[in-house]
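A, B and C are the chain letters, set down in written order, and residue numbers restart from 1 in every chain.
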Amino acid sequence: MSAKANGLGRWYVIAAPYLWLLIFFLIPFFIVFKLSLSDVATAIPPYTPTFSWSEGIGKFISQLDFENYTFIFGDPLYVNAYLSSLKIALISTFLTLLVAYPMAYGMARAPKSWQPTLMMLVILPFWTSFLIRIYAWIAILKPEGFLSIFLIKLGIISEPLQIMNTTTAVYIGIVYSYLPFMILPLYASLEKINPSLLEAAQDLGSRPWRAFWQVTFPLSLPGVFAGCLLVFIPAVGEFVIPDLLGGSDTLMIGKTLWNEFFNNRDWPLASAVAVLLLLVLIIPIVIFQRQQEKVREAGR
Amino acid sequence: MNRRFSWFNATSITLGFAFLYIPILLLVIFSFNESKLVTVWAGWSTKWYGSLLENQALKDAAWVTIRVGLMSATVATVLGTLAAVTLVRMGRFPGRTLFSGMIFAPLVMPDVITGLSLLLVFVALGFDRGFWTISLAHITFTMCYAAVVVQARLQDFDKSIEEAAMDLGATPVSTFFQVTLPIIAPSVISAWLLSFTLSLDDLVIASFTTGPGATTLPMKIYSQVRLGVTPEINAISTILIGIVTVGVLSAAFITKRQSDRMERERRKAFGAAG
Amino acid sequence: MQNFRDALMAVVTAGNPQANHASSQRAGPRTAAPQSGFAPWKNPSLSPIVRFEGITKRFDDFVAVNDVTLDIYEKEFFALLGPSGCGKSTLLRMLAGFERPTQGKTIVAGQDITDLPPYQRPVNMMFQSYALFPHMTVEGNIGFGLRQEGMPKNKIAERVDEAMSMLELRQFAKRKPNQLSGGQQQRVALARAIAKKPRIVLLDEPLGALDKKLRQQAQFELMRIQETTGTTFIIVTHDQEEAMTVASRIAVMEKGVLVQVATPGDIYENPKTRYIAGFIGDVNIFEGTVAAIGDGCIEINAKDGYQFKTRSSEPVTVGQQVWLALRPEKIRIAHEQPASAINAIPGKVEDIGYLGSISHYHVRTAPGERITALRANAAHTVERPISWEDSVWLDWPVDAGVVLTG
């Protein structure tokens, strides 16, 4: 509120990032929407109609139609891709939570002097390339990869594992890449819980396991919620993981969009796919934004 | 409180970190493998690193990536810092909800959507695609991360420190440069480093917004990975991991030493009891 | 006996020896204001240095400050007193320029500064959190304001040194704020606020973070600095003892409204409302109606059946609801029934609070009222000491109480 006193300068500060995001983040969505109503063409750019002042806006609009959408809804391939993306994202979000919770819990209860180091060890993989981390799993999961070799040597299995190019590999890839996004908010909310609350619960006769479900877990729910959103939303539109680890039967919408755009060069159809993907995600994104805003307000 | 690891906590942390780090360790180890087979150890060698140096296309891609990274991290940090100041210090203004939406949404927006929509805006604006369009795209999505990092620091910053500066006669602009910026500098530096790394890592958005002649390292790696696992990719990955690890560790080390020094000075000023 | 009581009254009204009590009067030359004649607010030819004119501040639908009009004069040590949330800080922040009034004008030295930004105002503030710049040394902090003026370097060094020696900070010149103790930080914050030699220094709960002993020291230091620099100080505090100690005048605020502006003595002796009487010092309050009016005194029929006679300048009418406020130290407590039947109540001692030099006696009357009386613990008391469950008499002269109508 302090800067309110000088009006003009304030607007300069706001305007730079505001205009930037308007031009490069918000307006592009309208262009995507417009293009999703166009038709594919063998031209540069590869779609029609292109807007020109000479022909006027009326003619331009008259050439737009919902053909791409009817096409998408008419072809089970696309509908299945959406549904399977949601399913894969949902399952892998849950799996990530299962892996992340004990880790975050252990970190929050670790000796105080250890916590910064543990935090850094969680963040470090997040700073290393996504692509490289997925690549590392190919060598592990492929039939003649490390995992098969290891398990055969232990005598647990006799035949090489068939994980690579399956949906299982996609689950592993998503859990692995998004683990830090889940651990960090979980840790933040678990670390805030006053340990004397648990002591009080136990003092009042609650066994440790019940104390956990009645005290710790409910108090960590904001972290669980934030972590799940951070994993679920980008996972729905994931491209690299299903492309590199998943097989031809792993349908994900991000991959479909990529194929329409790069392989079929059908920009209007790719745009329609993007618009529908955005519609699926708009509610979780708005919830996420509200939540961040709340955290920000609480921090004041 | 003198807490110690319980058996359960120690196990879950160990298993968790094993899951996080074993794949990376295997990748690094096998970059020094003599054999062309990535999963069978055949002796120690650095020959794959040597062959990297002769790969001109890879070196070109690396150079493009670094230039894009430097360029976009710098602009994104400036814009992100302004955005953070707007979010934390400007109170309410018309369009505020939209603004905070535009800051937070890109953090979770699937890359394919961001990439496609940015490409279409570049086409609509008639930009030549290449180095500049990749940079613009990277600025757009990394500035939101930068904003979030700086915002976190600004939030727990005592606002009366800025008020004190203005009360003593500093204009808002000089208050920002003399007081606010020096205090939030560590977070601005981390914002830059984060933006730079994100730009370095990005495959999808760069693939959409690139044009002829501008191939980034992730694009190069991706096209090779699709053909199969090779020790050369292990080697280049190891170099990238090494750079990031050294960077993050030294940043952490510097912060730690700084806070230790401050603590020592404080102790010295008050005696051991303080 | 009579001598003892007179002595006690003299003690209470003239200068109180009770060190830690709320009613402790102020030391120093200026605080004996009526004698030294420092009372610019009584001089109609003087114009105030600060004038709030009908200031109102609304945050959404919450009215933080409601139509405040107030004059503050040069060289005053002025206190804004009230509980947290009463609007005192908001009023101060409007004077500093951090908040803008919704309505009204702020005038400093004849100039309307309502629309000036903070960095163009001739006031400097000492913040509750001190707000020291963590990345600058003590010197750097104190010199910050001077550097903004573009003062030559050697001149800045001179002024910084002056401020540092005034507050005994020279030895810490090169230290950073986090290497200083709380008391030292507080002194740096004050030095920084006075370094620019502003006409007005604002202090927002400046001693709130200090412990009690340090706070008393710091209060006298504030008074010393205020006197040597001859600056106008405006302090915001919720601590009535602090306001009584340091201020030449106190403005008591409640829920955004100014309730009373007066010298500490006046506020203590003649509070305007029950709220003020209760806020500053301990007080016994009897509710009743006016029964009769005559020869400068009024008679009150108290709710619980007693009849009181008291002197009053308050314009009242017969039958009007009033409250009689009585300070504990003005109530005499004794075993024997007093000679005069006026203002005398019997009761039983329920509780005794021993505070060293004085004791508080909580007495329950027959109708169930709880009254606090106060007595000095003189070493040679001839009387038998008063103890728990004793039957006692309470009485007070007609000029002991204050009649309140609100």
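We take it that contacts are C-beta pairs under 8 Å (C-beta built on N, C-alpha and C of every residue); 3 or more make two chains touch, one makes a residue touch a chain.
Computed from a predicted structure; not experimentally measured.
Measuring from the average of all protein CA coordinates, the nearest chain centre is that of B. Farthest from chain C in terms of Cα centroid separation is A. Computed centre separation for the pair chain A/chain B is 17 angstrom, with centres defined by C-alpha atoms.
With centres defined as mean CA coordinates, chain C is found 55 Å away from chain B.
With centres defined as mean CA coordinates, chain C is found 59 Å away from chain A.
Listed for chain B are residues 163, 166, 171-172, each touching two or more other chains. In chain C, the residues touching two or more other chains are 97-98, 117-118. For chain A, the set of residues touching two or more other chains reads 1-2, 4-6. Within the complex formed with chain C, the residues of chain B that make contact are 158, 160-161, 163-172, 174-175, 178-179, 182-183, 262, 265-266, 268-270, 274. Here chain C touches chain B in the complex through residues 96-98, 117-121, 123-125, 127-129, 131-135, 144-145, 148-149, 175-176, 178-181, 192, 196, going by the rule given at the top. For chain A in complex with chain B, the residues that touch the partner chain are 1-6, 9-10, 13-14, 16-18, 20-29, 31-32, 35, 45, 99-100, 102-103, 105-107, 109-112, 116, 118, 120-125, 127-133, 135-140, 142, 144-146, 149, 176, 179, 195, 229-230, 233-234, 236-240, 244, 254, 257-258, 261-262, 267, 270-271, 274, 277-278, 281, 284-286, 288-289, 292-293, 296, 299-300.
Those residues of chain B lying in contact with chain A across their complex are 1-6, 8-10, 12-13, 16-17, 19-21, 23-24, 26-27, 30, 38-39, 79-80, 82-83, 85-91, 93, 95, 97-113, 116-118, 120-121, 123-124, 136-137, 139-140, 143, 147, 151-152, 155-156, 159, 162-163, 166, 171-173, 194, 197, 200-201, 203-204, 207-208, 218, 221-222, 225-226, 229, 233, 237, 240-241, 244-245, 247-249, 252, 256.
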